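Shared between the two complexes below is chain A, which has chain B as its partner in the first and chain C in the second.
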Partner chain A sequence: MRLPRGFAEWGLAVGTALVALFVALALAGESLVGQLAVSNVVVVDGRVYEVPPLLPPGSRLTVGGRELVFIMGTDQLGRDVFARVVSGARFVLTVALLSTAISAALGTILGLLSGYVGGFLDRVLSLVMDSMYAFPGLILAIAIAALLGVGVLNISMAIAVVYIPSYYRMVRGVVLSLKSAPFVEAAVIAGASPWSIVTRHILPNVVPQIVSLLPVSFADAIITEAGLTFLGLGIEPPTPDWGFDLNKGRQFFLAGYWWIGVFPGLMIILSVLGFLLVGESLNELLNPRKVEA
Partner chain B sequence: MSLLRVQDLWVRYRTRRGVVEALSGVSLSVEEGEVLGVVGESGSGKSTLGLAVIRLLPRSAEVRGSVLLNGKDLTSLPEEELRRIRGREVSMVFQDPYSSLNPVMRIGDHFVELMMEHGAAATREEALEAAGELLERLGVPRERLNDYPHQLSGGQRQRVAIGLALILKPRLVIADEITTALDALVERQIIDLVKEVKREYRTSMLFITHNMGLVAEVADRVAVLYAGKLAELGEVREVVSNPLHPYTEALLRSVPRIGGSRELRPIPGEPPDMRNPPPGCRFHPRCPLATERCRREEPPLVERGGRLVACHLRS
Partner chain C sequence: MGLKEHVLYRLALTPLMLLVLLTLVFFLMRVLPGDPITMLEGKNIPEEVLARRRAELGLDKPLHVQYVNYLYSVFVKLDLGVTALERIPVSYLIATRLPATVDLAIAASLVAIGIGVAMGLLSARYEESWFPQFARVYSSVVYSIPVFYLGLLLQVGLARPSGLPTTGRLSPVNMVALDSLPVRTGFVLIDSLANGRLDIAADYLVHMLLPALTLGIYLSGIFTRVTYLSVSDAMVQDYTRAARARGIREWRVVTRYGFRNALIPLLTMAGLQVAALLGGAVLTETTFNWEGVGLLVYEGILKRDYAIVQGAVTVYALIVALVSLVVDVAYTLVDPRVRY
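After this line comes the complex of A and B, so read on.
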């Protein structure tokens, strides 16, 4: 193994490490930290102890002969901030994954349809997509999330709608340029059906572009999710979530209880950073020409 | 009955800057097993002719006249039926072998897809077997079936493209400038291959090129196009040895020959602007023999000694 060289390789290394960490947290975090993420009671040997609220980071508490350490302190309700931060990864990453998958799938299908069929359908779809693109993403997501209500699937749908136009526009553009590519015309002349032209000749050539957009839009989805839950949309307390906790922490920040909001905020920054680093450095490593231009 | 009969074909493109007439009433035919060369400069309409036959013109093109393949009019055939004919009865080889193969598909899959689509092979293995056999006859090792297009040289790709055009044993192959993108050595190999295909498969061909020399080698008859109209049409040997139309003569003089003592003479001037073709004979502004009549009157296409020519001076 050699050390990474240059910005792109370091970016990929750091980004991958961050992404791996957050994926691990999303998968196993909740079972590692136990109940303290959602309640302030500890049960030791059948006896129930209550954890006091607003303990500063690094506090130790001895309950029933056992020492508990709160490295990030406790929040206004006595829940362990560290536990909440760790188990918060699951909700946000699930939502980001679902919404990215939905928007990529729908955007690609609509883009293929619009680019290949053209004509009136293309006009109408492009108009709708461009209007959505022109609309501020978060505001659109807020409106849809408010409409759909709480739940993982609902908030994912709200975010997905915002990102469909990005995929749609990119796929449509590539399809338009591929439609007149000689190898596609060759397939037409060879008597290939429209279905096989789209699925076998055009789609595989669009995939690299879709893949390079995925990590970036995944990071975007995390930010949008945090924005929505910051406003209390789409999530039901006491589900641990960074955006939601950031907002609660904001109310206590000026009173000196900084740890309630700062740690969830840091998690948002680091997770977005991780996915962006992976996306950007992969683009640079796999597509050197694109970066130079 | 001719295999292909193009009758009074007109093609107009509507562009933002005006209507371009690419073909103005062209009629010609290709017999079974015959190679018809189509020569002309850029903008003469020769590629439009090829695309019109296989009906691949852009939507902005307006087509009149008929294209009869085996008696069926391709210009009015419904899309479904046309798809069955494309590939199986008529196929095409393109100019640029670097972009006419799908970059993300293996060479073998190109054949598999084509053959399965047309029901020419029941299984993948059967298709690959047939493809491998054909490729070897065309001078491409069978192992290339597992490669992607970018792993092949330009010449090999063009051989693969020819293989794709031949695998379904079509009766007519349209070859549009198939050696233009290749270097001289590979061009020679591909021309030899075309001659061999012609001998072995007896496939009819529409061989489109700007190079009179290549036509002289592979074609049986030749159609000389100028500005969307037929200038001359006849047996290659006769046309080459005794061109009747001044344009044909000029084309022949502009082909370089290694070791030849003959002076190489380019054709003066440029092909006409097809939004506004010159009146009378379309070649008159560049013709050294043009008379007052050529400037006013359009020469009809008349038969003269077994071939057709459109020139006032020869009729």
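After this line comes the complex of A and C, so read on.
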């Protein structure tokens, strides 16, 4: 885009700040807010108090001489929305990290193999990958997530499958363009083994391209995760998760208890936006002439 | 290769793609835990009942036999099978649900392309103002909004205050009226208009407004960018400069000369977005209880109803293949220089 250079720098700054915030929340959020995220029971001096459900944002509650403030209100089960929103970062970011790692690793390995070996293997793999690429990814992810059941690894794998073809296609393309490059041919003539050609001569040229794809891929993973958990897949209550909270609180949200839905949704948007801005701004600043749609 | 050969070649590739996807889904659904009977009856049903029910569905046969039988019925008999529970033909189910998804997809595409082209053209026209930056932020933000969240926000923010319907495709009374109409194609708009029931058509459009806006806004960011990039590329070319030199007004240069440059990229993007459109439709249909194929496949997955999921996958794959074929043919119409 022909926008001022400062625009990309600004985007990078905002994106980095958002990413830093969410990483911090994922690491420390749970210990900051404690039990309030998963239960409505407060214990003060050995006495048990129950927080009422659907308190509006800003509500104050005095239990056993201690004042609790619910800046984002409480949900339909009396749990603190702020606590859930803060500690929800951990599940999403773990899933995004795992799924991006799995798809990048598998896509790269298959792409290297396909591009370098060529022939029949390349044709079959390309057909499989192109078919998956053209197919609505979310539907594939829903099917896999529903079949695998709940769990961090299960939902991560369901998301990873969708994005393997993107990495595969990119890596395969780079390998094909490098296969006949002079430095690779020189290595072949010098008697280098296929393994060392792929790992020592081709892979280093693929890595920067993979890295440039990572932030946007991360953003996509977060949004897919939210879609899956919104459908109630891949996660078990009471784990705090933004998409899942929107799913469970949907009826109350529609009935007018807006704080139950608005805050988890905002968290999804801001976290996706953070990674998206970092990815896009970096690409723009590093390759100013490469214009991407 | 001429256009005809290219089309035939692409048509020949479609069954291969379908084979890959069906194989993937077939083995995924059978290797992973759960089958239609245990999902329905729970895990504690008597062994002999389980065995009998599985035999009825052909689930007792070895996996490779089931696989070959399945492929034979899809590719040779062109039969998608029946549902596990009610034994309803899947092709019938899909035929009743597909029009809703097609309507939603078309309406959402119109919204997405309409917003995208308008914002892209305005950005290119007012390049020096704040508008391109606003459009850029807009497209990043709508990309980041989960489509179901947008749907819920519109339900609360727009539908509740204005009294627009939030769920369903028609008011109950019109649902009944629709069933008794003499001319039936399954497409509500066509049926109601063909039978002179303007009220049903209007009711349908009102119900479609929010789902179409939701899915359309969600996809509009990418079209904004494509339009802006291609048009602003054209705005520094010699032919647009020449047009300006001839005294043609700037807005006309943008829409007539610049916009032509965006047609091919827009077409490509529209083709590429079909997968996102169909995926987003599942979430939109769930949010608005819009009874299309997306809702059907989601329920099918939860019930482990192999036949429904495989049938829907077949239909999705055919839609994707068909659209990319149409896009290829449309290239030659938009740009006569394109040759296959």
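We take it that the second predicted complex is superposed on the first by the 286 of 293 C-alpha atoms of A that agree within 3 Å, B and C clash if a C-alpha of one lies under 4 Å from a C-alpha of the other, contacts with A are read in each partner's own complex, and residues count from 1 in each chain.
The criterion applied here is as follows: contacts are C-beta pairs under 8 Å (C-beta built on N, C-alpha and C of every residue); 3 or more make two chains touch, one makes a residue touch a chain.
Since the structure is predicted, the reported quantities are computational estimates derived from the model, not experimental observations.
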Given the alignment on chain A, is it a clash or a fit between chain B and chain C? fit
Touch count on chain A, higher of chain B and chain C: C
For A:136, is the partner it touches chain B (first), chain C (second), both, or none of the two (neither)? second
Taking the superposition as given, does A:223 touch the first partner, chain B, the second, chain C, both, or neither? second
So, does A:205 touch the first partner chain B, the second partner chain C, both, or neither? first
Give one of first, second, both or neither to describe whether A:231 is in contact with chain B, with chain C, with both, or with none. second
Check whether A:65 is in contact with chain B, with chain C, with both or with neither, and answer first, second, both or neither. neither
Of the two partner chains, chain B (first) and chain C (second), which one does A:246 touch, if any: first, second, both, or neither? second
Given the touch rule stated above, what does A:277 touch, chain B (first), chain C (second), both, or neither? second
Given the overlay on chain A, how many degrees, to the nearest 10, lie between chain B and chain C at the CA centre of chain A? 90
Overlay on shared chain A, then closest C-alpha pair between chain B and chain C (Å): 12
Footprint of chain B on chain A - complex, ascending: 181-193, 196, 200-201, 204-205
Contact footprint of chain A on chain C as seen in their complex: 16-17, 20-21, 24-25, 28-29, 32-34, 127, 132-133, 136, 140-141, 143-149, 152-153, 155-156, 160, 166, 222, 225-226, 228-229, 232, 265, 269, 275-276, 278-280, 282-283, 286, 294, 297-298, 301-302, 304, 309, 312-313, 316-317, 320-321, 324
In the complex with chain C, residue positions of chain A that touch it: 1-3, 7, 127-128, 130-132, 134-139, 142-144, 146-149, 219, 223, 226-227, 230-231, 243, 246, 250, 253-254, 256, 258, 261-262, 265, 268-270, 272-273, 276-277, 280, 291, 293
Which part of chain B faces chain A closely enough to touch in the complex? 54, 56, 83-88, 91-92, 94, 96, 99-105, 113-114, 117-118, 161, 164
